[in-house]
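In what follows, a structure is listed as structure tokens, so that the remarks can point back to it.
We call the chains A, B, C and D, going by the order they appear; numbering starts again at 1 in every chain.
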Amino acid sequence: MPKISKILIANRGEIALRLVRACAEVGIQSVAVFSEADRTALHVRAADEAYPVGPSPSRESYLRIDKLLDVAKKSGADAVHPGYGFLAENADFAEAVINAGLTWIGPSPHAMRLLGDKLSARHTVQAAGVPTVPGSDVAVDNHQQALDAAEKIGYPILVKASAGGGGKGMRVVQGRDEMESALRSAQSEAESSFGSGVVYFERYLEQVRHVEIQVLGDNYGNVIHLGERECSIQRRHQKLIEESPSVAVDPALRARMGAVAVAAAKAAGYSSAGTVEFLLDTKGNFYFLEVNTRLQVEHPVTELVTGVDLVLEQIRIASGRPLRIKQNEVQLRGHAIECRIAAEDPFNNFVPSLGTIAAIAEPGGPGVRLDTGIYRGSKVSIYYDPMIAKLIVWAPTRAHAILRMRRALEEFRIVGIQTNIPFHLGVTQSVDFQRGRLDTKFVERMMEGRTRIDDQHTEELEQVASMVSALVVDRKRLAGGALGRANGANGQRPVETSTWRAEGRRQGIR
Amino acid sequence: MPKISKILIANRGEIALRLVRACAEVGIQSVAVFSEADRTALHVRAADEAYPVGPSPSRESYLRIDKLLDVAKKSGADAVHPGYGFLAENADFAEAVINAGLTWIGPSPHAMRLLGDKLSARHTVQAAGVPTVPGSDVAVDNHQQALDAAEKIGYPILVKASAGGGGKGMRVVQGRDEMESALRSAQSEAESSFGSGVVYFERYLEQVRHVEIQVLGDNYGNVIHLGERECSIQRRHQKLIEESPSVAVDPALRARMGAVAVAAAKAAGYSSAGTVEFLLDTKGNFYFLEVNTRLQVEHPVTELVTGVDLVLEQIRIASGRPLRIKQNEVQLRGHAIECRIAAEDPFNNFVPSLGTIAAIAEPGGPGVRLDTGIYRGSKVSIYYDPMIAKLIVWAPTRAHAILRMRRALEEFRIVGIQTNIPFHLGVTQSVDFQRGRLDTKFVERMMEGRTRIDDQHTEELEQVASMVSALVVDRKRLAGGALGRANGANGQRPVETSTWRAEGRRQGIR
Amino acid sequence: MRYFVEVDDREIGLEVLHTEAGTIIRPIDDGLETAQIPVDFAAVHSNVETGEGLYSIIAGGKSYQLYVEPLEHGFRMAVLRHRYDLNVLTEREWRLKKVAPRQALHSGAITINAPMPGLVKEVLVAAGDSVSSGQRLLVLEAMKMENDILASAAGKVTQVTVQAGTVVDGGKALVTIEA
Amino acid sequence: MRYFVEVDDREIGLEVLHTEAGTIIRPIDDGLETAQIPVDFAAVHSNVETGEGLYSIIAGGKSYQLYVEPLEHGFRMAVLRHRYDLNVLTEREWRLKKVAPRQALHSGAITINAPMPGLVKEVLVAAGDSVSSGQRLLVLEAMKMENDILASAAGKVTQVTVQAGTVVDGGKALVTIEA
């Protein structure tokens, strides 16, 4: 059994910090890596060891397999955790780690390859009897083949890159007329993004929820599931809010979806933590979408409702231990919701907002978990993902969790950049969200103003903002007066010593 | 049934904020009160409404029943939550609230009186068959009576104020010789602190743990318990660390202690949240100490392991709803620990440290809850309790929780005042604490250096501190050099623009 | 002190009064001064000069905290899911702004009114003069400042109804110009 | 550049070298210069002048962060459960100090001041008493707690400037001890 005593964390930001913390909590040494932009990042300061891996662009640092292996060697790390993103789903990296005599904390490169390619994943799980979204089970190459395949599947069609992810190489085709250009543009986008132009078709399902099942497998063929996460609140195929459990999943459906997810994982010989994504329609039918062969961004919601520490279990599994949790011991308690806080301006089409974090007020108190890599003085740069924090709440019920999230969002103040916190506040105030009426078009409807938002006191707030602005001007006037006279003025409020710095003000995009 | 729609929160600091948050999370309006020192406190800013109640000393503000009732009236509040401390266990206040036509969120004044006086509490629970610490069951008045009573009970004797709390009016008497002066000083301290010089005797038990049971009763005679909290880590009868469950309590003992606690609560007609305190000896015998007729400081550890929101249940109960949790539905999951962070200098005999909070880095990530009223720029003043934050962690196991607490304590940085965080770090590193070998003398032994502390790298840390101090001086030298020359110096590290403010520096104790 | 706050396309007039009992805000409602709101305004962190900072305001018992970010003109505040860009005008700025565009609309005879009560310090034109748009007509001292009153259009001065030293109410006609 | 750091009763000599490849620290071990530790030192927040701030240091691959607080002489750093007070001497200062006769640490009069404002509850010593280091001198009530004020050195009490019932400000002299 490979003993793990020092883990190289091949990532940055909140997930690197979460992994450093996990190491500290099990008495394992952590080795951080950092690009030039990240020298004073939280994960670097919190880790036991830290090594530079190059310039700020990730291609030259966090994606450099050679440099990462070099750090592993230099530091004497005996295992590598990739986090999510960057090289997390790169089977070549996993293989290189293993070939270097280190333990890879994740599924085998074989399972990663089998499931990483979407067509291959469909074939693998179909063989295990897993229902998939109706589609072409081979690559679609030319226009005529495309039209034939689409005819069989039925419009609307979703063209997807087999090697893809994150919405790239994806096109919706409503009818024959749109096929030729959609096919060509999807292929070329797939080619340029993933180095493979292979695309295939799926029926484009509407009025569906995105529901995924967290699985956990060991190296001995045991696989369990830890319930579902609903991730229907998406914008451009990027998840924004996740929760567990889903209002649309009752225990019977959970058991069915869980069993299917476990079967899918077993079909691929899956170990470690993984996620099987499904679309769930209004009739309770669910269709396999893909498997994410890594720890997910949204793993905390599952941790909060199950009480299982997924990273800890990943480390145990990687060190050769059998699963210690049995399926019937997995119990969901209460409700958890995660909001992904991004440096994006929701009042300006979610354009990324760059700059320096001048101040932060973090939410706290009961049931609030904040995973973030930002700190006062840190910079949000062009180099990395705009997601700067994950705000996760747990509460005994969903209704309580929504109100708790709302008050936590209100407490969370980030000065110096724009964030999407107002967007999340809008979602928590929307009647559809509160009632659990979700589907993958939720955000689209909301941004088009087609969602009823339970806005209290809007006029009152405007009035208060007006008063404050007048008082701020008045205060300056009084201060000027006070300064103008030799002696403090009579009857005037004392002028506070400024404890606020104007330095490090925002620089970003407008 | 009294409908609660607006709650006056008759408290300040972290507990006031916790209650404001609870209101926001159930859609109830919150009304904060503030003394002059607390105008910009977090609980004031977070509440829906806020009213001044007078000058900074609590006698002139937070303890003024008349002013509090006036605010309740003015604001249209229909209920009052007292938090802990201040008027929380003042039956006269509860009665005044009820007489004003408002709902008191807490037990009835009758139950408060019955249990508030320690002698009366002993009698009440003894009648219900609850084992109490061997002692005098009547007030001890004069020297001769004292000697007789002590003879019967056996030395060492603990002299306790019947109206007391917080270690005041308490004396340990090892033998006859010490009796006279101990009795007199305890009586006079009790008189001056509580307005009643009534004292009684208990056997002074050694090698015992402080274990308390959380109970929850409704207005219809239903009472359940939510397991135990171990609070043996005390200094001068003040709790410093609490955890749940206790390593000394197995399910059978928990059931027995729980049943006894429920019986004690029922004997007093108790409703709302309350705590029955026991001493637990090494043989599994337990003895009733007293009942705290309020929400406890340490309630979060119970919330984290049971998943029950105690404040929410208090509000439901006060609004006349029956208990919604059945005893057999109460399940403990994982382990929770709380450290009380106080503005006290552990390197200088825990002397209070006053001043302005110049900066804070809050701990975060998985399993960490921080309840605090401090913020950058807030002041720690002489007027209020030195406890400035509660750091609570949850983890699947006790061992994990201890390491998680340790890393959270390491992350928690408060600049501007001294805190007892280094003390808590010492406890988490002590072998006895890690092994669960706790008793009420733990802190005394630790402060006397009689505890083995698992200190790694002490010399290495000293070395690093030395290097840093030299580098700080060197950096200033280089900066001076760079400034001295007209042009940026060659080969020298650039001098960072200071993003740190020297303003608001500590003023406290040196 | 009176302020006029522009927010979205609304305009909110507020009078800030510092009294013995504390600060009071009176909404200015077309001259009708209605409610009086006692406010307790405090900065948590702030820069007096730029206005940037975190503020607590208790208005009529209700408590709010707002973060104020200075813009080139005015302030930005994020409140819950809303963001407000506000611009604060003093009474003088507001009156100057108010009279200017309105008069430009008229053709024929244009009457230049006093934008606020004040003392006419200087009269720079006389009946019969030709003036160009923007030309200084007179100087009105108000709110301790000298305010230039400008011609809002080119034309010929037909009437000057005040002279240096006249104390005028707000709205009083000062000069008439024939286009 | 060579520095000598006094910490506790130890003295650690360090040479800081800025090279092309980065900063290197060489411990000075009785003139024997042994290891070379590559260090990457960075300020997260800091004041260059006072030294106060949060620093990250990566020394030989190991990462630490330390908060540095300036004292009257030197710096204070809290690291885990420890607190270090350090004083940094340049080589010149160190050499000067080394040749100077060692000063007795505990000679002369020591004044015990009130660490915080409070009420003197009890005075336990009187002028003329001999006290040992750590002995309780008086009890000061502050923040609802009774705080023991201890002798910081052994000696003879020469003056007691307060009595039970006195309300004192922070910093007020309470007791003087002659070593």
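Simple rule for what comes next: contacts are C-beta pairs under 8 Å (C-beta built on N, C-alpha and C of every residue); 3 or more make two chains touch, one makes a residue touch a chain.
All values derive from a computational prediction rather than experimental measurement.
Path length between chain B and chain C in the touching-chain graph (shortest route): 1.
Two chain pairs are in question, A-C and B-D; the one with more C-beta pairs in contact is B-D. For the pair chain A and chain D, the distance between C-alpha centroids works out to 47 Å. Annotation: 31 Å between the Cα-based centres of chain B and chain D.
Computed centre separation for the pair chain C/chain D is 59 angstrom, with centres defined by C-alpha atoms. Counting partners per residue, chain C has 42-43, 45 as the residues that reach two or more other chains.
Residue numbers of chain B whose C-beta contacts span two or more other chains: 46, 359, 375-377, 499, 501. Of all residues in chain D, only 40, 42-45, 56, 58, 61-63, 65 touch chain A in the complex they form.
Against chain A, the residues of chain C that register as touching in their complex are 1, 3, 5, 7-8, 10, 12, 14, 16, 18, 20, 23, 25, 37, 39, 41-43, 45-55, 57, 59, 64, 66-69, 74-75, 77-84, 86, 88, 90. Contact residues on chain B toward chain C in their complex (touch as defined above): 32, 39-40, 44-52, 74-75, 375-377. On the chain B side of its complex with chain A, the touching residues are 17-18, 21-22, 24-27, 46, 300, 303, 307-309, 312, 333-334, 359, 361-362, 364-372, 375-377, 395-396, 400, 403-404, 406-407, 411, 497, 499, 501, 503-504. Chain B makes touch with chain D in their complex at residues 347-349, 351-352, 354, 359, 382-386, 410, 413, 415, 421-423, 425-426, 429, 453, 455, 458, 461-479, 491-493, 495-496, 498-502, 505, 508-510.
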